[in-house]
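Accompanying notes for the structure given below.
Per-chain numbering from 1; labels A, B, C and D assigned in written order.
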Amino acid sequence: MTPVATTFFFYFLSALTLGSGILVITRKNAVHSALALIFGLLSQAGLYLMLYAPFVAGVQIILYAGGIMVLFLFVIMLVNLERAQKEKQFNKQWIVGLVAAGALGALFIAVYLKGRELFPERLALPPENSNTQQVGVLLYGQYMFAFEIASLLLLVAIIGAVVMAKKRI
Amino acid sequence: MPEDPKSPPPPPTGEPKAPAGQPVPASVQSTPVEKPPAATAKPAAPAAPAKPAGPVPLPWESPLVTKLQRQYGSGIQEAKSYVGQNYLVLDPSIAHEVLQILRDEEEFEYCVDLTAVHYPQREKQFDLVWILYSFAHNMRLRVKTIIADGESFPSSVDIWPTTNWLEREVFDMFGITFTGHPDLKRILLPDGWKGYPLRKDYGIIQQDQEWVQINLGIESGQ
Amino acid sequence: MGADQPGDRERPIKMTDPTTYLSHLELGEPDKTFLDSNELIINMGPQHPATHGVLRVILKLDGEKVLGTECVIGYLHRGVEKIAENRTYTMFNPYVDRMDYVAAVSNGLGYCQAVEKLLNIEAPPRANYIRVILTELNRLASHQLWLGTHALDIGAMTPLFYTFRDREEILKIFERYCGARLTTHAFRIGGCQYETYDGFEQDVKNFIDTAPAKIDEYEELLTTNRIWVERTVGVGKISAEDCKALGVTGPVLRASGVKWDIRKALPYANYSEFDFEIPTGQNGDTFDRYIVRMQEMRQSLRILRQAVERIPEGPIMAKVPKIMKPPVGEVYHSIEAPKGELGYFMVSDGSTQPYRVRVRPPSFVNLQALDIMVRGQLVADVIAVIGTLDIVLGEVDR
Amino acid sequence: MLDYITSYLGMNTTPGQAGNVFWVVVYILVVFGGVSVAVMAMNWLERKALAHFQIRLGPMRVGPHGLLQPIADAVKLLTKEDIIPNEADKFVFWLAPLIILCASFTVYIVIPFGPTHAVTDLNIGILFMLGVSSLSVLGVVMAGWASNSHYPLIGSLRSSAQMISYEVAMGMAVVSAILMTSLNKTGTGTLSMIGIVQAQEQQQIWFLFKFFPLGFIAFVIFAIAMVAETNRAPFDLPEAESELTAGFHTEYSGLRWSLFMLGEYAAMIAVSSIAVTLWLGGWLRPFPHVLVGETWDLVFSLIPGFCFLGLALIAFIGVARMPKHPYFRIQTIGLAGFGAVLGLIGLILFAPPVRDRIQDIFWFVAKVAVFMYLYIWYRATFPRYRFDQLMKVGWKYLLPVAIGVLILTAIAGVIF
């Protein structure tokens, strides 16, 4: 499939991601923030698609935008919103925040300048059709151990959640 | 016995009457306080056209009555049977206790109904009526007690939970309060309702006009 | 005038404020666990598709679990008992049809018999037969309406239309008999006003012949339906002791295992002449109540068949004075209405108007059991239980 | 420009893969228009079929046998006053139906109505479908919350819990079907919708019958889960009318409410399409490998035409049975016209060029229609599950069975 208007879509999706990111931290209403976050995640999925990683994009939609965010939204909806709305959004720690953001930005720039030569001028196009298969092969081959560790971690999380939430087991 | 209970003959149609309400039969007025009207109406002369002689309350003999009378003596003011329906009239001071005994010992485990009747001309204005039923004996029994206006009566919710709503309704309609009731408040009428509609002296028209004026802001057409 | 009585209008009546009614909903401590969940107070009704009228139930929920309920009734209160005091005995007769409007005939029967008791007269045998036939038809109609709406509450749409189709046959018989379908005013004090129309017996016979197959049809849709069974078995359980203590009567009591039916226990009209069974359940849950009512419908058909076959000729009206002045006295008379014990406590002062008429409505008393039946169960069960109690708000509020 | 347009016609692929924007847009318009019409038809059909289940007639007034009822409904809904509750969160309230609508319509991009009749063929087609359709939970949650009312909130809580729960069992069932696609020489399966159907073609068996009964069980699990996923009876708890008045869309009315309905029906068709694609051989005609040969091909390719002619015949019977009364004249003419249109379509479908292109779509739509009928049938027959029972069915029965089927399918795949 020949890509159409790549540049446009790249900047469009990036702007959407950034815009919703800003909305996430500026909205007073937590639910609105969460909704903005969902839009950010969806536009990220679009970016993954542009990177010829459709599997990652699909998983991003299913897991983040679909599953996790819905649960997240619920938690936000059921807590008391009124108090959160009255709180001041920009408190005295904004200087600390600014410093931290500056440090993070500097780090990014440093990595970009230092590691520039690691990136080739143009990324070689990976075969789109076998993308999913490659993910599978890597997960169940090279990164088998890491994969299993991650699933064990999730199992622990499930048991923990059950123990905490269930009144009587 | 003074006859003709309806000195002002009641209008034959369903027109709402004056606040004074229903004319109370003179027979009721003249009877001793503790006696229900039924007991006094032996001749029933004014109400006779249907039958030459109306049914008469007969004394009710039964081991139950004997037992209770032995225990409470004159507290059991009457034990009669009218058209085959047995009833007891109890002194209010012992009524609650007797009801408890009726449930516990005589197996009247089902309180069919609790209601009241208002006789404004009497000194003690209210009849409280329990209708009881015993599954074991397949017998229905009416228990009455006579209390005055403003007098409160011990609640029988602890004997039959069913009287919860029934007492609330009696309170709602007659204004009789029950001490020890868990949640005595109006049940059928709104909370802010004024007066007790099933009292004979309740002025429907006045109430209606007032309600319309307050709630709708117009003059009532009544 | 009771102007000095308590309950003056200190604050405006605010029916929408649930806190008004929540005085006794303190039902113990909420479950404080690690993840504390807030209780939710939900107002179900008075405008709600499943409360069968204008019943308002305030639910206290923990998630979907019901912690407690409070019924707020009276939205349909018309002061029937007060009206009775201002009408003559005859004039009040049509009013009772408006209480339990789906079983108007039963209401009328109870009222007429109570007044007859006051007057000490007996309806003639033929009148009694007509009364039994119409009352049992009405019981069927009431149960059919109950079944349809109850199934609809639980989510089965289709039985509603089946039951309405068959109920229509009964209403047609009513219409041909007395001109009205719902609030029939079929009986008069002392007997029946109308002689049966030509073909009445044939109509009833036709109905009896076709009805069992139709009841089978309802049962086919529901009784063995897995979801129906799961939704009803064990839901809204009430024990026989609780039933008696709460004064619950009718099919609800019988489903808890008490074999008690006024038609058998204290027979009225001429029910003692008929041969029929009292169906009972064991568990007192919604499913048992369903089964009991289905059986009751079949038993009603049995009574109907006997009644139609044995109906005698003769007068249909006892000798009743033109102006009714019952002797001074009080009587209580109750009948087995489709919903339970329907009683009339009447006080006569010897005039043409009753001094006091007290209606003992089965729905009103049965509704009290709602709270203990649904505690600890889920919101969906509240609906099922309201349906299974078979309440009619016209009767609850009177 | 013209070359650009015509150049696609020669290619034997979907417009998305060909990268032809013009035809992509055309396909999108056709598919979305078709789905909208299908939703309207479904609406009419549901009311009619349900009515006949329930011994009534259903809509009879608007047009002959109520054929124009959906249009009348649409006009009514569009012209209704648009009510937004005062206390509602207006923006979210406004956004929620749109999200549901977008989610349920976007999935149609990858649904293959034929080997080349899809907007595009994504490499992750089935994943995309599941992912995007799961986004409609978001709309439900938002609608429930934004209404700022108890019933919608409980409805949306139920709905999202239900959809997330059943998605798990549904995913497992889907995985076992995808596993079957890998049973070929190269040993690599596919997530592409077209690829899945082609795999069934190559293996000469619908996955429904593959490793019988494994495929069948997986299909049944999916068929149950998809009913729950679309909030339809007997799993229609989120909008349980008798408990929650109308669930998450209690506060919605008019156009917005109709968007919810549109989304719901579109989602029903979409998940049915997944089931058809995964287990019922998608666009493949029945018995493609048993009844082979020129004759059979011809016979099966004539069925669509005969089908429409049959419908036309029914319409004409209806015309004949219409009461002969001036009052019914317009209705009679209308029904006759409708029958004539159906007959004409049937005749057009006999034309060889049309016949060859259209029959894939016909078989696909026919299979989906069976599911649509099942939806109506369930609704007429079943009472509603209670919430805990619903969860029990989802987690305690469907999920373990689905996992078991998945494992057995993998073992069977290795052995055979």
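Convention: a contact is a pair of C-beta atoms (placed from the backbone, for glycine too) under 8 Å apart; a residue touches a chain by one contact, two chains touch by 3 or more.
Since this is a predicted model, take the numbers as computed values, not measurements.
Novice: Moving only between chains that touch, what is the shortest number of steps from subunit B to subunit D?
Specialist: When the steps are counted carefully, the minimum from subunit B to subunit D is 2.
Novice: By the contact definition above, name the pair with the higher C-beta contact count: B-C or C-D.
Specialist: Between C-D and B-C, contacts are more numerous in B-C.
Novice: At what distance in angstrom does the C-alpha mean of subunit C lie from that of subunit B?
Specialist: 24
Novice: Averaged over CA atoms, how far is the centre of subunit C from the centre of subunit D? Could you give it in whole Å?
Specialist: Measuring from centre to centre gives 45 Å for this pair.
Novice: Taking each chain's centre as the mean position of its Cα atoms, how many Å separate subunit A from subunit C?
Specialist: Taking the average C-alpha coordinate of subunit A and of subunit C, the gap between them is 60 Å.
Novice: From the C-alpha centre of subunit A to that of subunit D, how far is it in Å?
Specialist: A distance of 31 Å separates the two centres.
Novice: Could you say which residues in subunit B touch two or more other chains, in rising order?
Specialist: none
Novice: Of all residues in subunit C, which are in touch with two or more distinct other chains?
Specialist: Nothing qualifies.
Novice: Of all residues in subunit D, which are in touch with two or more distinct other chains?
Specialist: none
Novice: What does subunit A use to touch subunit D in their complex?
Specialist: 1-2, 4, 29, 31-32, 35, 38, 54-55, 57-59, 61-62, 65-67, 69-71, 73-74, 77, 128-133
Novice: Residues of subunit B touching subunit C in their complex?
Specialist: That would be residues 5-6, 10, 12-17, 19, 21-25, 27-28, 36-38, 40-41, 44, 46-51, 54-55, 57, 82-83, 85, 109-113, 115, 117-118, 129, 131, 135, 138, 140, 142, 160-162, 164-166, 173, 175, 182-183, 185-204, 206, 214 of subunit B.
Novice: Mind listing the subunit D positions that touch subunit A in their complex?
Specialist: 16-17, 19, 21, 89, 91-92, 95, 120, 122-124, 127-128, 130-132, 134-135, 137-138, 141-142, 145, 153, 157, 160, 164, 167, 188, 191
Novice: For the complex, give me every residue of subunit D touching subunit C.
Specialist: 50, 53-56, 150-151, 154, 233-234, 236-237, 240-243, 245, 379-389
Novice: Tell me, which parts of subunit C touch subunit B in their complex?
Specialist: Per the stated touch rule, the residues are 1-3, 5-13, 15, 20, 23-24, 73-74, 77, 79, 81-83, 85-88, 91, 117, 119-121, 244-248, 258, 260, 265-266, 320-321, 323-332, 334, 341, 343, 345, 347-353, 355-356, 358, 360, 364-365, 368, 397-398.
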